[in-house]
């Protein structure tokens, strides 16, 4: 990273794909771990262990929601602990990677 | 009844939709358009049914309610038994549930058909339409639970608490379901508003209904056409079942409508259509959740791609003819 | 006027929507459906109002314009003063603005009610409907600016250039706002087209309006029901305010309609409804931007979850009765 | 014909939409609403046209078919030649294709205009409307292929297999295109259903059409207004072309309609409108794919921002007057 | 990464932006390389070598679809090999980065 | 990274969440820094310092847009400098991470 580090805060980027129906439960988890910010995109489709899930399939209601959040390592650890069993039950996916938060906006992480 | 009478616009719009997928046209209607027309159509049927019921006396609807329950609980069991000859338990349970339930689109096409040729009918079949969604889901849940227990016993597994939660959830769902609520709610509204007030909304919910039904069936034709492309995946047994089962349902419906309920030719036709049709609105998502082991492609293709087109293009005139025959009119 | 007359279908559809959320039904109408019906309804009211205005003479509308400005500027100040008894300045300002403005949905329900029982009314209230959206936003901005200055002085801060930009932006917005534009635009069109041409579009914009209004209110019922679930968050004072304020507005409207404007019973009822109703279309996003310090949950719950249902289910018949009373008709 | 007769509501709704973008209003209609109205309008025109054709005899439509082909193949070549005076080959080809094709929205506005002033017309122009979409796309492909070959030869390149695939793909597309399919399909349905059945759907597809057309043109006005903001990007030559070309098309259409087809004043007006209008539905995406080198902003601005408003606000009354003149009626 | 590694599986995160019309072909490629899971979001817009592409442009049908998938290095290599020529023909974009898959859900990678 | 590097170009992946209303201003910034490509997804929701923002809230117009772009370090630096003050004013979020651009498509970064 050759960017000036004083404008950047190292954080974890967590990306979750979940059933749209489970969104409420997920938001509760995010509140519990003290996440101060997250972004979601609804009407996503996908393919996974439960086969195809498409928001366009006539007659079924199968939509995914993609949730992206930047948070601290501590929060990420709590999240992983709470999310794993939920995913075992409801399916879905969770990816973690490194990222930098650009200072400027209110610190909602 | 000349050939041009049978060519009801709604059926032709349906055929146009199927034709469009056949020639791989890019014709696509907005998904929200479908949802909007469904809300509108259900409200229209409900209001009209409610008003007629209020005239006819709601007490007299009791036999219709009983008949609806008999069909809704009985037909899935018949369907399950046939299915099990060739198909695994879970898919059998999921598919069977669809055939106890009903298709409001098929029902309305039948109403369009009867109105087009000037045949009157009783107010009660619309009550049956509203009622028959739920029992089928319940039987589907029971059949799936039964199948699952059998499978599990064979494999030596334990009972499953999670499934019970799903069962309860879907049981509640089957009564709070949006389309059932609209049907019952608008039936209630139609029954209690004054005639003067009803007349204010009749142009929207009544006069326009047949035209809006055309666009609805155009859309259904597109969906049915897409599903037909999957015939080879579901196999010949299932496709045959998708035509045989409505005929079995129709026979039951004819008997119940004519001998038990003793409706007019129009009324018997509608009861027959209810018994012969398969759900593609409330039951598929319920089965997706309750029987995740079953392949959605199977039940959607059967219900949308086989039974719906069969009923709309062949079944309705056939059932009408049969109702006439029973009544000694042909 | 029997009970069945009061049971106007539109109010029943609204109740059905609220009932659906109460029993946690999955009934959901596409958001675009709502937007489309709003455009349609506003066009319908506008065209009809414009045509009637052209007949009645536009000059005679002047008192209505003045009355609209008096209500639009006056009511938010009253609301603000009451609010401030218990609520912080910024939330007070944001909420107050909603009560100077109007709800086209409530207005149309009142029109449906009057038409349903065969009561005629003047063409002018529709002009007031179109006018009253803007002043309330302006007063809201002024109240918010005033409150902010007070707060800032207390804290020893400086004037804020950014706020001035927002003020100007929203001032322009309040005149170029989509719904106001459609109302004024279609009033203009209705006023200038020939009768023969008007008759060509009347079936769409006139005859169907009551039916379409039913679906609109079904949707509003769903939204109102959702907001009602937040009653405990907004607190008892605000809920009481949400019923009290329309009554204060109604009293003012009655006096202005009867004594100043001297309209018929129908006309006075509509003026009363305008004064009693609170905006849920143009004002909320304006306040969200102008008064970010205020909690949107408060004003949306008050406007959608308290005042709208109160007016639709209780207020309209009550205001009609009061208008009759003033006219010595009961 | 007084001024108030010319003020057809549909044109005023269009103007209202343009005005809204002019004053930077936030008025925005849901994109799905546009798609739904288009499906509805095309079905309405198709059904009505089909029914009239069945009465008039389909055989007599042959000259109309020929005339449509002549216009569809001929006009783009004229447009290309003019374009090439100032514009590069690829943009010329893409733009030219739009002018051989037609605009269903303009056609319907003309029908609204004629109906509004009580002028009757033949059933054949609707056949031309359905036919003229395809030839223009084909000519556009040929012109683009020709231009590309010229450019390539100059640069010494080789023939391109990929382009051939696109050509074939678009050729098929131009016949399976959704809007063409709906037009032809509903014409067919309108031609074969019984009158009794037609009457059931007429209230929806016929009586409401003019009103729905108003909302459609409101939306078109918003889109046209947005495109007008790009006038400075496309340049003065193109803007002039966007007014000149419909006049050239109109002259051709007048001659063909009056001397060759020998239609009534109403019929000639419609043929003229077909010749004068430019596509904004089927041709733009086809050209985007076939001629990626061309700038979509050019052809969309010309078709939507110049030619459409010109035809709706100025052209239609002008063409009607010219048709009257040719017939010796003014 | 100070997260407990036993709950995490290191994978590649691939992010593709493609013409919505080419989605079918892309799904075939994903099936060929043996991808057991992916997520897509339709109605995306963007800007690139072919200029603007907006799902809202009246009169054109220009939509992008964003595809996200977590997969193994081996799968990623196959994907890159198959995707490069397709992108040369149809345009689009493909980004690769590192990520960790949170255990819990079925292993659909 | 055990992938063959000759098919990959190391870049920065920037992910911005912004008010949909500020999208125009953001696009101007992207043009200024010379970004030759970006992707956006509208109708996103989220939670942050200004509370909930949902595209579905009746009566409010609160939508987020997610913008993803792959760009060089130099461009990223310019972007950070220009974006920070904008975010202070309008809110939002900006994350930066490492990524590889797969060769094949036109180089729109």
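Think of it as A, B, C, D, E and F in the order they're written, each chain with its own count starting at 1.
Everything that follows uses one rule, which is that a residue touches a chain if its C-beta (ideal position, glycine included) is under 8 Å from a C-beta of that chain, and two chains touch if they have at least 3 such contacts.
The structure presented is a predicted model; accordingly, all values stated were derived computationally and were not measured.
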item	value
Each chain counted as touching chain C and chain E at once	D, F
Superposition rotation for chain A onto chain F, Cα-based, multiple of 5°	120
Interface numbering overlap (same over half, different under half) for chain B and chain D	different
Most widely separated chain from chain E, with each centre as the mean of CA atoms	C
Cα-centroid distance, chain B relative to chain F, in whole angstrom	48
Where chain D and chain F are represented by their mean Cα positions, the distance between them in whole Å	40
Chain E-chain F separation of Cα centroids, rounded to whole Å	17
Set of chain B residues in contact with two or more other chains	32, 203, 208
Where chain F touches two or more other chains, by residue	41, 43, 50, 97-98
Pairs of chains found to touch, sorted by chain label	A-B, A-E, A-F, B-C, B-D, C-D, C-F, D-E, E-F
Interfacial residue positions of chain E with respect to chain A in the complex	1-4, 7-8, 11, 13, 27, 30, 35-43, 68, 70, 97-108
Of chain F, residues touching chain A in the complex	12, 15, 17, 41, 43-50, 55, 64, 66, 73, 76-77, 80, 83-88, 91-98
List of chain C residues in touch with chain D within their complex	32, 35-36, 39-40, 43, 47, 173, 176-178, 181-182, 185-186, 188-189, 192-194, 196-198, 200-205, 208
Complex interface listing, chain D residues touching chain C	2, 4-5, 7-9, 12-13, 16, 19-20, 23-30, 32-33, 112, 115-116, 118, 203, 207-208, 210-212, 214-215, 218
Contacting residues of chain C [partner chain F, same complex]	31, 34, 162, 223, 226, 280-281, 284-285, 288, 292, 296, 300, 303-304
